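Note sheet for the following structure.
Order of writing sets the labels: A, B, C and D. Residues in every chain begin at 1.
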Amino acid sequence: MTVLPVVVPLAWGAILLALGARPRWQRLGSLLAHGCYLAAAVGLFRRVTEDGPQASSLGNWPPPFGIAFCADALAATLVLLTAAVAAPVALFALALADGRWERQGYHALVQVMLAGVSGAFLTTDLFNLFVWFEVTLISSFVLLTLGGGKAQVQGGFKYVALNLLSSVVFLSAAGLLYGTTGTLNLADLGSRPIEPRDAWLVGLVGVLFLSTFSIKAALFPVFFWLPAAYPTPAAPVAALFAGVLTKVGVYAMLRTGSVFFAEATGVWTPLLLALSVPTMLVGVLGAVVQSDWRRILAFHSVSQVGYMVAAVGIGGKAGFLAAVLFMVHHGLVKSALFVAAGVGWRLGGSYRLGKLGGFARSHGLFSALFLILALSLAGLPPTSGFAAKLAAVRAALEGGHGWIAGAMVATGLFTLYSMVKIWNEAFWKPAPETMELRRPAPREMALLHLPLAAFAAMALLVGLGVGPALPAASRSADLDRQAYVRAVMGGPEP
Amino acid sequence: MTIEALLAVTVGVLFGAGVYLLLRRTVVRLLIGLALVGNAANLLIFVAASLRRGVPPIASVGETAPPASAADPLAQALILTAIVISFGVLGFALALTDKTVQSAGSTDLDDLVEEDSS
Amino acid sequence: MNSLILRTGATFVMPLLLVFSVFLLIRGHHLPGGGFAGGLVAAASLTLYGLVNGMGAAKAVLRASPEIWIAGGLGLAVLSGVPGLVLRGSFLAPIWGTLGGVKVGTPLAFDLGVYLLVIGVVLTMVFALSEEGQA
Amino acid sequence: MLAALGICFLSALGLALGRRWCSRLSPWWVSIPSLLVFGAVLGVPQGAAFRWPWLPELGVEFGLRADGLGRLFALLIAGIGVLIQVYAAGYFQGKASRERLLALLLLFEGAMLGLAYSEHLLTLFAFWELTSVASFLLIGFDHGQEKARKSALQALTVTSAGGLALFAGLLLLGWIGGTYELTALARDSGEIVSHPAIGWAVALILLGCLTKSAQFPFHFWLPGAMAAPTPVSAYLHSATMVKAGVFLAARLTPVLGEAPLWTPALVVLGSATVVAGGVAALLQSDLKLVLAYSTVHALGALMVLVGVGTPNALHAAIALMCSHALYKGALFTIVGCVDKQAGTRALSELGGLARRMPWSAAAAGLASLSLIGGVAFAGFTSKELAFKSVLEQPQTQGLVAVLLVAALSGGAVALLLGYEVFWGRAERLFEDVREAPPPMLVGPLILSVAGVALPLASGFWENSLIQPALRSVTSAPSSKPVQLWYGFDLVLGLSVLSWLSAWAVYRRHEALVRLGRALSFLPSGTQVYELFWKGTLGGADLLTRRWQNGRLRWYAVVTVASVMAAPGLQFSWAPGLPSAGGTAVRAFEALPVVSVVAAALYAAATRTTFAAVAALGVVGWGLAAIYVDFGAPDLALTQLVVEALTVVLFVFVVQRIPSAKPHRDPWRLAHAVFATLVGLAVAGLAYAVTQTTPHSKISDWHAANSLAEGFGRNVVNVILVDFRALDTLGEIAVLAVAAIGVVAMYRTKVRKGVEP
């Protein structure tokens, strides 16, 4: 059960690869694959909700010797989030598909990436985590550069170079960890005493892990790859990345920190707290000065990682709840906004705000959906952004981190400002004369709107407290080392 | 000098040379640098997992397990995985480099300043 | 690289290396070797062959396009995990049996998948990167 | 309550969706939803409550309760809402955007009603933000014009900045009080106000109230918001939204009335607002701006009264809130009529319109009389109460001056609007101007007549509206009920004084307008606001360009340095390198090591790319030799072949790449030093790890079980294909994807620009 979210997309990846350059078959296969993935994710989520954490060992080799998977509430929630993001994006990709990406393996790559992301969420083994990170990364490399535009290639080059660096750090850290502790299983680490003489070294290795997770999550000062890469790829790719990629890094911080590293390093939490504030501010200040729709969104992603990381650093039930809720919110809404940017590109032919305009008059439904999502990103009620911001600011205030709460609030204001900038320019401003409004066929229009509507509905449902998101986030926030160790390694109930 | 110290220094030299190459202006140097630090990380794992001279972790016929003095098999498996992964990624990075050079018309990294923030 | 000696050499060495690679694959479970090493050696031999005789010739040896090898290898590796999932409730759980006095099991199929995939991957890269120059 | 909210939101949605169909309807018909809302509001009984667990995991509840204050406020909102919507439907008759406007007005009305009824602090905040959003959309209604877009943005950023402060403040208050329920908070007021963090909560909450209600120094956004169509200004910026801040301050008086900072902040800033708004109102020549600034000073006066916080002051504040909503709503709508019919809002051009627009003139006259505080008008009553309430306490008597300024300015404004426009002299004759259509007159007439009717029905006003509202703000009774006439006393004298001075000021109005123009060099709030954004954006631009500068080398340096710095923090723990001894080097072992080191250094130093690639190969083969030496034949074999293939791939690419021009690189030395430091640190780390305490490893199990369980003698292979086969599966997935990527890369030509 726990491995299905990895195996199913991987198998579909192989099938889609074998299907070759047959666009129709590829599209059909992709829809089926997303359906299966969604089913696997929902199944796992329900199982975990009903019966508690699910652990399984690959090949039945006992942990820590084999590789164990463990789906607790947190992992299951994030897998479900991934599926919930991926499915509408897949529809959006169908709307834009013209056969070119299909021939280059777009659909297979998406499946492999989903497998990688799910693996990263589910595994309990730190080297296996490295492998899933790599699977995610290489798929993202290829997806990013599909189409081969100049900006894509150059942005992709930076993305690849920086992420390879982080992979080397991760690999070294995993090797050093094995060298110092003799194990790779997170739960095993959390349950065995550390030789006091080696404690400093284990702590040091922990900080190395933190640095590599920080690069994945796009934390200050190492977020460069994100604004370089996100504004360049094909629209559905950007949407998918925005929804899931950074979450993997934040998840790794949350998971490994709560089970082992936060305590083993001592500086884990202070570092997260200290870095979260510049991440928020530098990110959002980057966003307010951009004039390209996707660049604004990309810089926002950085600032919102700051929120999540701050919440992870604040910790405790309230902090973790905020972190998970923020991940869910951001996954849905940021993906949706990248989809919206893609729709704007499809209709207006550009991502530059100066070249767009008049959507409020010409496309009422699109405008309304965008507005809901934009306001959600800015944290206005009754959307998911409000719930997430509420949880985060409240955790910060009640945890005694007034300055972080202040940074969150200030970031919220700038976020709103930049979202309104998009609104004013692309929607309210009269269309510039150079803009040629394209009018896609009704079927395509429907496919363009459908994912946005789905995302907006999810954002509203989360914000209204309807549906599984909040209870799931709340359960996910019960990050207890003992419970995790017990779930993975087995052992008696206390 | 112990072999541990010697190999630790080797790891350091590989990392240092790799980082230096990473920061050069030509794109290919950057890749060579990445390949070097990748090799360095593999050696680091090897060194970290304890060094045993000469005895591979293979159970000879008639034995149920490799001798106790055998090298650490798990570290080897990890490194093997890592070698192959970095080979695959490097292959892709090479192709990307090729295209990048074509698109920029230059091998100079400092020419790749398609502004990230405007 | 057009010297006759080299060409002849490569042409003769290639099959030998291919055989060696299969040998590596098969003995890998007990002695140094295995799917990776075997696949790499096979791919290297074909690369050498292609370098000397032109990549077209190497492709001809391969018969199917490398993408098929990749898909087949990945598919076989994933499939080899399924019996374990069905019979022992865990993906990739090994299932062993005896065939003609030799112990065979799903891990060997997995290794074979690795072997095929590695050949496909390396050759795909070699073909793509080398062809670009000639195009 | 729910009915009222539901009708608002649903009919807003309905109007938005069915705007084609509705556009055929007459103004009366499209206003029916607002009438229904009004009916629903009338039907809300005192004390009605509703709770729904909204975000239970976060302690947020959707909690409504209709107390006196809420009901009064809701009544004002819904009542004026009906009139404004009839008016707006007339104003926009025949325009395509009419339904959109009405839908937004209904959305806004719903948000305001929710605010009025909110019992739970976060429910209140939700509606608060919703009003900001709705007003943003309304101010930017004419979004074809840049000015409208800019004003909308400005109003939204200022009120949202306040809203965010309020958010933090409310969260703090909820944390301090342990609940977000207003009634429960009021019960524990004593403990709450003595909490050490209460000062922060008060300051943040006040920031929210002050920005929303356009108090000094945030008052500048309100005149800016006059870019909105007049019906919108009339509704939002006179009668309802701007009062939300005052409303909230009044709401929280039972909780925070005794808190430090509360009274002084409200009184001082309110007074400043009165003065700033009062003076500014007199310097304008645009009717809408006159009204906007006059609204600012009225809001200031309200804040002052709430801040004083005695039962009588609160009583006066509530009375003033009612009367102000009535006359200001009427005046705004009349200005709209004048603007639409006469085509101008400039005071200097207008005059003598009474003959052309008699009904408007009548309404304006009545409303102005109320504003100036004419005896027996609602404005008179509330003004008298205000004066009396500040006079009764010695420490607040100084505020009389502030209220006098308000009265004076209000009086002058009333003369300008009620007299000058309709009866004054003008150069233009406005021969062709006609009276506004009936839908546009109903509102002003009813509102202005209500300004007289209320005091006449003073018993109803006092007992049914003011007293219930007062009871929800303070438990003590007030001593002065509303009356038509309070007799000859000092306060009446003050009123007379204000009338006389208002007349004097009115006579000099043209000079004041000239003065206003002359003073325009003074920095206005808007300029400060723009300066703030300019500075922020400039700084942000600089920061972003410097940091995210597009240079990969910079990114790489920062990344590597950060990665190296982070563990540096950990070295403070290091107890010195332990020593577990080691194995002595044999001479022949040094050979591969030396070749690896030499090749690595050569790769770094050489200027030829091919040589560097070759050196990379040597490094790989040297490593393979090391692996063989230390019992890793599998590794060695793989490394050997991989390195050979890597070199081949490199050569393919390098031969195609144009040979690089020799670059000048000023950073060479610095990078060399940096790289050396990195190398040293890693070497130290690697050595430290070899010296750790020997311990059991999971690989011991692998070695022991490889043959028995995995049926293989080569432990490494058994791990790869069995014990940890999942790693291998992931790994071959990486390989497969990399291959797809290489193929895809070469299948497309590089194009300019961004792809879909």
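The definition used in the following text is that a residue touches a chain if its C-beta (ideal position, glycine included) is under 8 Å from a C-beta of that chain, and two chains touch if they have at least 3 such contacts.
Note that the structure is predicted; figures quoted are calculated from it, not measured.
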Using the contact definition given at the top, which chains are in touch with both subunit B and subunit C? A, D
Reported most central chain by Cα centroids is A
Count the touching C-beta pairs: is B-D or A-B ahead? B-D
Distance from the mean Cα position of subunit D to that of subunit B, given in whole angstrom: 49
How far is the middle of subunit A from the middle of subunit B, if each middle is the mean of its Cα atoms, in Å? 28
Measuring from the mean C-alpha position of subunit A to the mean C-alpha position of subunit C, what distance in angstrom results? 36
Distance from subunit D to subunit C - Cα centre to Cα centre, in angstrom: 61
Expected list for subunit D, residues touching two or more other chains, is 544, 548, 550, 552, 556, 560, 633-634, 638, 642, 645, 649, 652-653, 656, 682, 689-690, 697-699, 702, 713-714, 716, 720, 722, 724-729, 731, 733-743, 745-746, 750
Where in subunit A do residues touch at least two different other chains? 10, 13-14, 17, 58-59, 127, 131, 134, 138, 141-142, 145, 148, 150-151, 153, 157-158, 161, 165, 172, 176, 178-180, 224, 227-228, 286, 289, 299
Scan subunit C for residues touching two or more other chains and write them down. 30-32, 36, 67, 70-71, 74, 78, 81, 92, 94, 118, 121, 125, 128-129, 132
Using the touch rule from the top, collect the residues of subunit B that touch subunit C in their complex. 56, 58, 80, 84, 88, 91, 94-95, 98
Going by the contact rule at the top, pick out the subunit B residues touching subunit A in the complex. 22, 27, 30, 34, 37-38, 40-42, 44-50, 74-75, 78-79, 81-82, 85-86, 88-89, 92-93, 96-97, 99-100, 103-104, 112, 114, 116-118
Residue positions on subunit B within touch of subunit D in the complex are 1-32, 35-36, 39-40, 42-44, 46-61, 63-66, 70-81, 83-85, 87-92, 94-99, 101-103, 107-110, 112-118
Residues of subunit D touching subunit A in the complex: 53-58, 60, 122, 125-126, 129-130, 133, 136, 140, 143-144, 146, 149, 152-153, 156-157, 160-161, 164-165, 167-168, 171-172, 175, 200, 536-537, 539-541, 543-544, 547-548, 550, 552, 555-556, 558-560, 562-563, 566-567, 569-571, 573-575, 578, 682, 685, 688-690, 692-693, 695-699, 701-702, 705, 709, 722-727, 729-731, 733-734, 736-738, 740-741, 743-745, 747-756
Subunit B touches which residues of subunit A in the complex? 127, 131, 134, 137-138, 141-142, 145, 148, 150-151, 153-158, 160-161, 164-165, 167-168, 171-172, 174-176, 178-180, 224, 227-228, 286, 289-292, 295, 299
